[in-house]
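The structure's right below; bear with me while I get my questions together.
Chain lettering (A, B, C, D, E, F, G and H) follows the sequence in which the chains are written, and residue indices restart at 1 in each chain.
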Amino acid sequence: GFAKIDHHRSLRLGLPEVIYAAGKTPEQVAEIFARMAHAGGDVIATRASIAAWDAVKQMVPQAEYHTDARIIGLRQTDALADAGPVAVLCAGTSDIPVAEEAAVTATYLGVKVERVYDVGVAGLHRLLAQRETLKEARAVIVCAGMEGALPSVVGGLVAAPVIAVPTSVGYGAAFGGLTALLGMLNSCAPNVAVVNIDNGFGAAYVAAMMLRS
Amino acid sequence: GFAKIDHHRSLRLGLPEVIYAAGKTPEQVAEIFARMAHAGGDVIATRASIAAWDAVKQMVPQAEYHTDARIIGLRQTDALADAGPVAVLCAGTSDIPVAEEAAVTATYLGVKVERVYDVGVAGLHRLLAQRETLKEARAVIVCAGMEGALPSVVGGLVAAPVIAVPTSVGYGAAFGGLTALLGMLNSCAPNVAVVNIDNGFGAAYVAAMMLRS
Amino acid sequence: GFAKIDHHRSLRLGLPEVIYAAGKTPEQVAEIFARMAHAGGDVIATRASIAAWDAVKQMVPQAEYHTDARIIGLRQTDALADAGPVAVLCAGTSDIPVAEEAAVTATYLGVKVERVYDVGVAGLHRLLAQRETLKEARAVIVCAGMEGALPSVVGGLVAAPVIAVPTSVGYGAAFGGLTALLGMLNSCAPNVAVVNIDNGFGAAYVAAMMLRS
Amino acid sequence: GFAKIDHHRSLRLGLPEVIYAAGKTPEQVAEIFARMAHAGGDVIATRASIAAWDAVKQMVPQAEYHTDARIIGLRQTDALADAGPVAVLCAGTSDIPVAEEAAVTATYLGVKVERVYDVGVAGLHRLLAQRETLKEARAVIVCAGMEGALPSVVGGLVAAPVIAVPTSVGYGAAFGGLTALLGMLNSCAPNVAVVNIDNGFGAAYVAAMMLRS
Amino acid sequence: GFAKIDHHRSLRLGLPEVIYAAGKTPEQVAEIFARMAHAGGDVIATRASIAAWDAVKQMVPQAEYHTDARIIGLRQTDALADAGPVAVLCAGTSDIPVAEEAAVTATYLGVKVERVYDVGVAGLHRLLAQRETLKEARAVIVCAGMEGALPSVVGGLVAAPVIAVPTSVGYGAAFGGLTALLGMLNSCAPNVAVVNIDNGFGAAYVAAMMLRS
Amino acid sequence: GFAKIDHHRSLRLGLPEVIYAAGKTPEQVAEIFARMAHAGGDVIATRASIAAWDAVKQMVPQAEYHTDARIIGLRQTDALADAGPVAVLCAGTSDIPVAEEAAVTATYLGVKVERVYDVGVAGLHRLLAQRETLKEARAVIVCAGMEGALPSVVGGLVAAPVIAVPTSVGYGAAFGGLTALLGMLNSCAPNVAVVNIDNGFGAAYVAAMMLRS
Amino acid sequence: GFAKIDHHRSLRLGLPEVIYAAGKTPEQVAEIFARMAHAGGDVIATRASIAAWDAVKQMVPQAEYHTDARIIGLRQTDALADAGPVAVLCAGTSDIPVAEEAAVTATYLGVKVERVYDVGVAGLHRLLAQRETLKEARAVIVCAGMEGALPSVVGGLVAAPVIAVPTSVGYGAAFGGLTALLGMLNSCAPNVAVVNIDNGFGAAYVAAMMLRS
Amino acid sequence: GFAKIDHHRSLRLGLPEVIYAAGKTPEQVAEIFARMAHAGGDVIATRASIAAWDAVKQMVPQAEYHTDARIIGLRQTDALADAGPVAVLCAGTSDIPVAEEAAVTATYLGVKVERVYDVGVAGLHRLLAQRETLKEARAVIVCAGMEGALPSVVGGLVAAPVIAVPTSVGYGAAFGGLTALLGMLNSCAPNVAVVNIDNGFGAAYVAAMMLRS
């Protein structure tokens, strides 16, 4: 028992338990996952390596691994996925892992997801072709690296909240996502809020809170 | 006609027109305000100095000035304020102008507001005394400068989205709000998203979009 | 004679002499301007205050002042303005001074200019309405502050070089233009190069070199 | 003899000799450790890898290794551990290595330690449950990464000095501990002082000086 | 009643109430000061301008102004100043205001103070001449700007905790105190902890907590 | 089909398709390359490792690998290389890979290239010996790391646009190319525009747009 | 007597006393200046405003004011100015105040000075015209703002040490001299050392030490 | 022949040729080294790995390897080592590789060296014990990481120029040598100039230029 598991929140809200697997050994992830699974609710582990997945599936065979999202998940409740839909966008193919972290997390939080990937602003026709999907979304999650311009353009196309996720995609003066982060914080669209670099999980969580509160 | 007014968005959404008064002369603010008022909808001007207010009230006598929020507003429609409530919190008395920018903006966007001010984390009893108000909120806006710790604590107390607004309050290594901004982006509570430093307006806008989308 | 005037370059190229007026007293600007005017070519002074203009017009009555651009200019040659056209864009009304510095400089460098102002990416229809103008441009100068996203969108719409000018417009995490600068350097459009924050002059100079070399 | 050992300080104060093992080869650590052990006092080596421990235990079999703390220690005196108690807190399980570096160091410096781990501010009930322990502490060491908010909350709960240790736990805009560091320096609680990122050793040293001076 | 006064802490500890006067109008400072004075305890206002002092002395004639420290103080209790002594050092004459903020605060917190000013490390004989005073101190507060080297040298001379205060003294790459702050955080002396730039108040508060806990 | 290939731009312009191979697996690069080759136009992949080259040449035997440039290329059209010439310069031998990325890209974009390598400013005679080549260039690409001074010197020697490419060459306060980037943005020569650190590809693209628009 | 005057160093070395006037009131400067003048040696005050000069000349009529350098000086000894010569260069006319601070300081330190001003690298012929002067110098001080490239070019032309002084001249990404500072630290010429931004005084001092040690 | 060897400088000055081995393959280093050796003068290669040394000694058997300094050297002339002495200091044992790079370089440049290692400021007696050595030095090179305080203290003890070398030693807020660099640039001792982080080579070169010019 090296960690104090906080069942309060998830029980209270009917939400899955969440493990942040980065910096934990596969054995630690598996042990915590199994303990939480035992409690009967849904469980997800984010930032889970293949090695962690190997350890978890030994102990919890009914769990699943979402490779792109790097999430191990277990559904044990019959929680309804009736909130949403949330549109999850990304600018380039390199942003897909972050977008998938958001999309898979949202699903486990009971939110329907529409994926709209590879619609960066330097080829606008790709984004404009998806306008109908965007208009139907009750919230939009937008993942982008490099200059992080996509949320501003999307913000102007929708009448819903936009949750922007800067990604660490890029090189040189991209500074590991800092440039995208700063760009998103300074969006000239007023309906944009921002989470940490690569934090697809957090974006989905905020969106789920919006739709369920 | 030096600025292209974009009536599309606000008309479409039944939202007020918004003028960002910083960097505009009082005359420019007054002229744009009057032109927008003439169109018949609601209008607000944020970051409006007393001088701007003096100029506006000459041309639009029925407008009002919210001193702490530095917002000039005009209500011409009978839009209902039935969304919400949103709780607006701030950590210290120096954060009040930013909190008021959020609270007044939210009101013009049709959202009911509960103010919970001066509840910084170094005196927890003040925040804990407001738990009931927090629980009833459908979204929470939290304004804080210095170390910006309040959103993390609030995030753990509510099951609603938290929109964090770093303020430029502080000195030395507060770096004009950068420290609070970084802290909020790294919140260990998963339900926190962040807007630009001192951007009370944007926080209210995101909250309104959440409640209305 | 505190400054070594370098007539080589401008004579060689048939370009105007240029004075950078910032940090010089009105008297110094006027004295240098007059000396250069005396040599018979065209002359411009950038970043010129009204006070500098007052001093110059005493000594060189035939000069003109471009208020928004903050440029004092003198045309003495019959250099042809037959290169171009260059389109000069800006995202918001606050970026106009920088855009004008670019536009007026380009004109003195013999380049025809098309102004396309207030076409920020959060209201795309404004930009898309100008597509024809953009397509005819042989180079595009794009001025934007805050998140600096406009060059990426424009870069995708044209088959010409885009010279991006970050402006110091914005607050908080805009960091005086740094955010826009970093965003532009990381543009996902491949045809974008960048000059210093607020450097409308330099953008025009690079564009003129392109069109004349 | 590549290093000048300074026996003055430790002899004068009855404190253990300290080796900073990072960047030294296992052989160097072992040789210095053995030389110091030979002098008869207590010795500790911080940031010691398993490889360093393997080398030391060959030469000094009576030494011990504190795995989580990464400290090799040797007790040869009968120095009393009667100062304190100092409470050592950490926000999450990933901060435990830094907290252990502090706790183990404090013990070798003759200070009694109470460990209070995994009490981050997003789940306040965990911290509030430990109020009695906190009240009895004569100094409090608080280790936290990410937004580093815990010291501010703790500072408001105790009437003792708080020594805050930012940790490099987190990702993206955590910037390897810089965000936590800045947050702690700007704590709104007045009784907080800060040491370098991940410097559990230094925090314990300052605490011991306080209790013994 | 715009601010929630928190009498708990100070009453509980027998400490003065503290007002942070920066960013408050003279009238606000005076009103809060008077209200607190009325409660019967000691009161200090830090970062108080002459204008604030003028306003306070109208309402609380028995208060005093410490010009260098920029502190307005009022002693109403017979709290004993028997803790300490604390030595307060500064490197150059420009650091004196910060050192005085520390020294005067410490006095109001019941701690005896020894001032050792203008003892920067580039003229070591000045510091070495004060060794006896340093040795008698139970804690040492060291204020320095520019490269902030003094705490490291002092840390090696004493067996007491050193609280380092970076000051904003310097120019160019001093970056308003950031260089001194970073230097102090990286001190090679192990007994150094750091507070915010120019935060003489906080240093004294931490020292008082040490001596009284 | 994980990526949306945008044939519009390249078809429209008679330009090669471009793949950014960094962060893609050799298999992904090969698959996209083959698909694009199939469409009949020219194709290049930048930042391509030897492993990527091994995978591509299995599927597209007629492709070539430019080792220094790390570019895989395929010529299938008879596009004329009649634009230019562009001079590509670099300061030191370590900058050659970036210079080659620019030179090879330019060639595939139909631009003639003159290479002028290892002409850093600390040995001016090397650069001055190449003046004739510089004068004939219609655009100049200058790659330099460390202090990035070369574009300023070159800018003064030519009447053509200079596209500066900061490289990540250097150590310590070179900060991975940031110092060179900042230096180039502040060039005292007015005819200099800048692209991202190590972005030889972008520099060539901008140059080609200049010469072809 | 608020400041401890340290006569040791200057007496020992036959050097003038130095007052750093920034942040001191005119009265303080005058009082310290007079006291030092009374001791019989040479005295200089750097960063001295006209107001300080007005105060000093009342008390020490035989002092002189060097306007550009902002130095008040007093020669009372017959110290020989036989060391050197040192060449003092600057890139643009805006750098002259810093260059003059260096040149005047050097003169008071007994060093002969050759001024070579306005020889920035974008117009190389101006610098190359001064090669003979450079070759005769025993040390070279180079002041430059913006990209700070001049020391690298000069370093390659001389076989003497180059002391580089970044200046705060420039705007936008010049960041108050930081860009020039970083550039100079990364000079590809090996004979360059650097002092603080705008620190002409320090550069002269280091040069004098070289020539006299 | 990928690199343009510049024999001018070294021949003119009777100095060794210098190769910067970082980023070059062992084969490249060996080939350049052999070519230079063939020219008959002295040669050194800095930042040379053991692998580079293995390659060089195959081709130039009479060369030597200085392990700590990571320098490969070859003496072929009878250049006199009669300049100096220069004292080379370092603060801690981890700084020794940088100090050795300086010391060995200086020796090849014909300068006598006195090594004074492990004399950091937190144990002043170690430095003060070396005062006589310091006084005899005609220049002093000081290498230090972490807070980089040593040059300020040394600067106050000598009447010679101090060349400060920040090292990348330290962790957390040492930021890879940036903290030491900034501290040294802000030294309160006026006789300190600074070179790049870890640039022992440059420090020695500047010192040699001083002593030989």
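The rule is simple: a residue touches a chain if its C-beta (ideal position, glycine included) is under 8 Å from a C-beta of that chain, and two chains touch if they have at least 3 such contacts.
Since this is a predicted model, take the numbers as computed values, not measurements.
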| request: Name whichever of A-F, G-H or E-G reuses the C-F interface, so over half of the contact pairs are the same residue numbers. | output: G-H
| message | Need the CA-centroid distance for the pair chain C / chain E, whole Å please. | response | 50
| How many angstrom between the C-alpha centroids of chain D and chain B? | 43
| note | CA centroids of chain C and chain G: separation to the nearest Å works out as 36
| note | Between the Cα centroids of chain A and chain B the separation in whole angstrom comes to 27
| note | Among all residues of chain B, those touching at least two other chains are 9, 123, 156, 172-174, 178, 181, 185-186, 196
| task | Just spell out which pairs of chains touch, all of them. | result | A-B, A-C, A-D, A-F, B-C, B-D, B-E, C-F, C-G, D-E, D-H, E-G, E-H, F-G, F-H, G-H
| For chain G, which residues count as touching chain H in their complex? | 9, 12-13, 18, 138-139, 156, 159-161, 163, 181, 185-186, 190-196, 201-203, 205-206, 209-210, 212-213
| field | Contact footprint of chain D on chain B as seen in their complex | value | 91-92, 120-124, 146-149, 152-153, 155-157, 170, 172-175, 178-180, 182-189
| field | Contact set on chain G toward chain C in their complex | value | 93-94, 96, 118-119, 123, 125-126, 169, 171-174
| Along chain H, where are the residues that touch chain F in the complex? | 2-4, 6, 8-9, 22-24, 166, 168, 176-178, 181, 196-199
